[in-house]
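Shared chain: chain A. Partners: chain B in the first complex, chain C in the second.
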Partner chain A sequence: MLGWLLTRLVGVVLAAWLLASAVFLLGQLRPSFAEQQALARTDEPAAAFSSPGQVAASQQALRQRLVLDQPAFYVTRAAGPPVRWQWHGLHNQYHHWLRGVLRGQWGRSLRDDQPVLEKLAPALAYTLPLMSLALALSTALALGLGAYLASGPLATPGRVALRLVLTGLQALPLFVLALLLLLLLANPEMLDILPAADLGNYDADPSSGRWLAAYFIRLALPLLSLVLAALPELTLPLAAALRHELASPYAVAARAKGVPARRLVWHHALPNAVLPLLVTLTGLLPALVAGAVVVEVLFALPGMGRLLAEAAATQDYPVLIAGVLLTAGVRLLALVAADLLHYWLDPRLRATLA
Partner chain B sequence: MKAPRLHPSSGGAAYWALGWLALVAAVGLLAPWLPLPYSATAPDLANIAAPPTWHGPAPHYAGTDPLGRDVLAGLVAGSRQLLLLSLPATALATALGALSGGAAGYWGNHGLRLPGWAGLLGLAAAWWGLRPPLLVGLGVALPLAVLLVRYWRRGWAVPLDGLVLGASTLLGTVPRLLLVLAFAAGPPLGTGWLLVLLVLLAWPDMARLVRTQMRQVRTLPYVEAARAAGLPTGRVWWHHALPAASQPLRAFAPLTLAALIGLESTLAFLGIGYSEATVSWGQLLGELRQAPGAWWLVAGPGTLLLATLVALQSLARRSEV
Partner chain C sequence: MPALAEQLPRLRLVSDSLLELDYQLRPQAKWDNGQPVLAADIVFTLKLLYCPGLPNERARTEMGFIKDCRTDPADPRHLTLICQGQAPEYQWAASDFPVLPESALDSAHTLRAVSLPELRRGAAASPAVAAFVARYRQANVGRYPAHLPGCGPYRLADWQTNRVLRFERKSEWWADKLSAPPFVLQAHPRQLQFLIIPDATAAALALRRHELDVLPQVPAPLFKQLQQSETRQELAFYTTTSYNVVTVGFNTERPTLRDKYTRRALGQLLDPAALAQATQQVPGLRTASILPPTSPYYNDSLPLPAYNPGQAAALLRRAGWQRQADGHWYRAAQPTPLALDLRYRSDDAMLSTVGLQLQQAAAQLGIAVTLWPTEGTLLAQTLQAGNFDAYVKMTKGSPFVLNFSPLLHSQAIGAGNLTRFSNPASDRLLDAIGVEGRPARKRQLLRQFQRLLRDEAPLVPLFMLPNRLVADRRLRHITPSGLKPGYVAAAMTWAANTAAGR
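After this line comes the complex of A and B, so read on.
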């Protein structure tokens, strides 16, 4: 199992490197207005007082600092007949970028010249609690609802309604779901019970209960959207697996022995039915990052997803690449976590390894 | 293997779904000739973010958006956008996925051998395409040519399986939405490039599915019988194995179409990769941010989007049976 896990991890790392490189090199191909912005900023304060020569010099200095004056890749091809190839050696933007990433220097944002990591850290501090809450809540709800769906006849009104709602939710893209919630729950003309946007009420003391309450109320709508969007994908397969387990001979035997229904579901069937859920969870973690993009843009939360959406809108490639790498890292973590959980939940794996 | 079909006994839902999709497609096809009072892109500056009205000389039946554009015309333009972008993207991805996945499942990593001369041909094409500097080119090409001559007899195994699985792993690492965000950053892409991007993201999943099915199909007695009867390999693959191996796509293609429509609407909603001039359902929904409380911006496009996606899903469920 260790070898298998290692192969997958190497695969993810390789994929992350290839994807980030592709984004980087594609970014070099397209005319970048973030770069233009960065260059234009140099002459804003200076333009009134300095000569054109000085402006050009400061722009040149900025180009050098952002390594824009070097060729994009190890080799470049000069277009036009005759086609010529040029070898640039190690002094190129790609090499510079790669070396930086490997050393933990992820570059600076082209938009406001802040180090990428400094921009990411506060955004992550906002997004990580949101994501882990969404993950925990949706898993818990999926377990409960799955057990409910599986533990009785399918045709009761409650189960039929629940299935209908879940299949409806499955079809709905996250942004439509979030829009609907926004329109229903945070609209002065409908129910105005939750705040629509982050109003920035940070004045209270962070350790006080009021701050915590305000924080949760602010997160309620985004959290609800994320949980509702993730729920069908988790619940429906779990319910099907549980139903399958409950029809198997060991469940019949347990029932014949007089095991209560609740204990049968939670204690006997669930450990066997929960394994496919782990695979879904591996995909769910990265999907939550994508969900954060939508939710944070809509509810104006200062998190990771909004940072990425803004970076995409302004072609801020260093931030975008950091986002791609970070998401790949999340996937890596999810893979490891799912495999460890699998190992913990399935005693047969332990036997083969020992 | 009996082909699953839409059967009357499979319930009315599939017919409702097909009917709805046909309606959307017809509206999208006929969009330029529909008698609409307004065009989808021209703003009516006298009515900005106006609620629906049904009286007056030229009413906005479904209201207007914050730019003063008619929502009804936008809905029609949005269904045309589906026909122009999501549908071709799904069709291309399905074709590409079936072919590559079918080849990967049938031949595996070692089954398909190109003849020796194909390597030399590739080398010559690469030389012509790249036109490397003479010395470097010779330095690389001569050893390669020596190798090619050595392998002339055995031919070249194409690692199809590895390629398909690698592409699938590569694109599965990061969610599609983030990849599209990263690749479509900056000035709006044209419809053509967006199409290429969507196909690129959608085909590996399909290829994987067909590959798995093909590995089972190729061991079935009728395929072995076809091989034993001496039919050419290409014919066995194309005529006998591939149709059976592509069966899962009947259910998966509608699901992919639904996923791509969702992805495309999300992009339009975020306003990335799209120009302001392209009107789509997602974009109309996104404009709610400029006019909070304008329920008519959500009601129309949201209902259409939801109905289309539910129809596609129920179609997928029906053809699964």
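After this line comes the complex of A and C, so read on.
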């Protein structure tokens, strides 16, 4: 068991390293946004006063500062014909980056020259509570609604309506859902009850109850969007699995023995029906650190989703690679955790592994 | 810096290629730590631009024309900037940089040992300079602005990336003691908060809920929507013209586009009136040149460009094209029919509207236009390398710099001259405009240049983009402007003119 776990963890590290290296090397194929930003305005009136020589000198200084003047990798291909492969030794951008990462130095953002971790930390501190809260809320709701859907005849008006609503929600893209909520609940012409964007409440003391209340009010709309978006994919398969379990012989036997319906659902059927839910949940775990771009952009939240999306759009590779590594790491670890949980929950798997 | 000087400097031409600007700093100007703002601070700031390893490349390029700086031993507030070239715009441009305090960043006066020309030449590898750069980076003033005393009216109180910038008014500021402070040295709000809301709809809702006071750069559809909303009574709407113009440019090095008649013919297929209406929802922003009609240098005798497919066909025939039986246009020695690849930024709906209009109009005339929406960075690179037939983009302008050399001079090919337009007469005109200081003569030259531009048509201006701003009606005395905020000379001149006009 321990050996299996170790092998899996080594695999995780290797896969994350390969992924980050791929992002790094692919990034070298693109023109650098940082360079253009730092030296922009070649076609603006203000450029009238700088000579081409000055622009070239500044460009060189910039490339030197960002270590962009070195070759990208240990070997590079010189444009042919004839195509030649050239060995550069250790003086290359990839080596520079890898050495930094191994020493715990993630580099600096190409956009604002801030250390990458200093950029990631606040975004993560914002995203993690929000996404955890959303995930916990939607899981709890899914369990409740799933049990309700499974514990009686399907054709009752309540269950039909709930299924219709859930199916409808599943069909709605997140941005439409979030926009609808925004236009419905933060609109002076409709219901004007929630703030439109998280504009921050910097007056109250962060430890006070008022601050916490303000925090939840500001997060109400993003949370609602996230929970409503995740709910159908968690609830509907769970309900189906529960119905399947409740129709199985052991459930019939339990019912015949007089086990109350509630207890039957929660104690007998749920442990068996929860496996598909686990798979879906592990699929959602990376979002804990990756954030939700759509919701963060719409509600102006300073989270990881926006940070990474902007890093990708502006080719800020140090930030992007750290984000990719983090997200990939969590995803790979989530897969390991899912395997472990399966192993723990399903005695049949223990037999195969042993 | 210009706000720290008592007035905009006088120009003094030296020999035939240098220009001297004389500044007298305000005696009241003080840093937050109580030290006076002196000429030494300005020299120090200019030297910072040439310290290797600091993120100063952009400023270095923009301020590269300042060759040297002379201080006055008798008066620590008097200094002279020596500029390479004799552009009259230096009067504004030369001082447009923020000044940093020498006393706080370099109390040991390390940089005084090296002169500005030495640093410019790259003689900066001295250990003293390297040690200074290391100290500067260590202070991390970009992240912790509190480490850096300023001399403006506001203090950066709070800052979260991608979220908020909050400034608080300093209780004591040197300019408060001026008897008649100019417009830009008046700072009334106690607090300024800049909020970053990426989504325009959410921003508009926040404005309507009075969570915001001012919403700048409102897109045209949203502006109209706000004007029709129930809350319009509580909002004030402002539209000002900018100097930014939407242009279609042609790659003048392409064999098919080398002659002006083909370019002019294609220009006649664009419908600026309909495009302005469709994308800006207002008709009256058309222009015949790259200057707005409101500019005193605008050539008002040029007719506005208009959609005219008949004339386009006539111009094509004049350029030697013949429409063949298959409906396409062919020319002697060119085996392929006339066709066009049009590039524009993929994330701008307005530009794609222009592309679609041209595509449709050209198709009716038998010219295939292929649209290439391209990601911004890649587009910039593609255009600079000349790998395109035509582009649509917004060309930025400024009311203060009337030098179009970066856009159209043959020396700017490979940099800002994306159309790769090269014409000796135009180069001569641009050179003359660049150094002309007399307004009347400058106007004459610019009018000539606009006529030449219209005739050669390397780029076709479509319409000026307006600046739209919506504010809460509770906010009084708003003077909207498309200029970037800050203590730059352009903003000061604008402010002075606005104040005089009121």
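Convention: the second predicted complex is superposed on the first by the 287 of 354 C-alpha atoms of A that agree within 3 Å, B and C clash if a C-alpha of one lies under 4 Å from a C-alpha of the other, contacts with A are read in each partner's own complex, and residues count from 1 in each chain.
Just so we're on the same page, a contact is a pair of C-beta atoms (placed from the backbone, for glycine too) under 8 Å apart; a residue touches a chain by one contact, two chains touch by 3 or more.
As the structure is a prediction and not an experimental result, all values here were calculated from the model.
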Touched partner set for A:Arg306, first chain B, second chain C, both or neither: second
Touching partner for A:Gly11 - first (chain B), second (chain C), both, neither: first
Chain B versus chain C as contact partner of A:Val336, first or second or both or neither: neither
First, second, both or neither for A:Leu162, with chain B first and chain C second: neither
A:Gln59 touches, of chain B and chain C: first, second, both or neither? second
First, second, both or neither for A:Ala220, with chain B first and chain C second: neither
First (chain B), second (chain C), both or neither touched by A:Leu275: neither
Touched partner set for A:Gln114, first chain B, second chain C, both or neither: second
Partner chain in contact with A:Leu179 - chain B first, chain C second, else both or neither: both
Footprint overlap on chain A, comparing chain B with chain C: 30-33, 179, 182-183, 187-189, 196, 297-298, 315
Complex interface listing, chain A residues touching chain B: 11-12, 15-16, 18-19, 22-23, 26-27, 30-33, 82-85, 167-168, 170-176, 179-180, 182-183, 187-189, 196, 286-287, 289-290, 293-294, 297-298, 308-309, 311-317, 320-321, 323-324, 327-328, 331
Chain A residues within the chain C interface of the complex: 30-33, 36-52, 54-55, 57-59, 61-62, 64-65, 112-114, 118-119, 122-123, 179, 182-183, 186-189, 192, 195-200, 202, 297-300, 302, 306-307, 310, 315
Footprint of chain A on chain C - complex, ascending: 52-55, 57-58, 60-62, 64-65, 85, 87, 89-90, 93, 142-143, 158, 160-164, 166, 195-199, 201-203, 205-206, 208-209, 211-212, 229-231, 376-378, 380-381, 384, 395-398, 400-407, 411-412, 414-418, 434
Partner chain A, residues of chain B touching it in the complex: 130-133, 136, 169-170, 172-179, 181-187, 258, 262, 265-266, 269-272, 282, 285-286, 288-289, 292-293, 295, 298, 302, 305-306, 309-310, 312-313
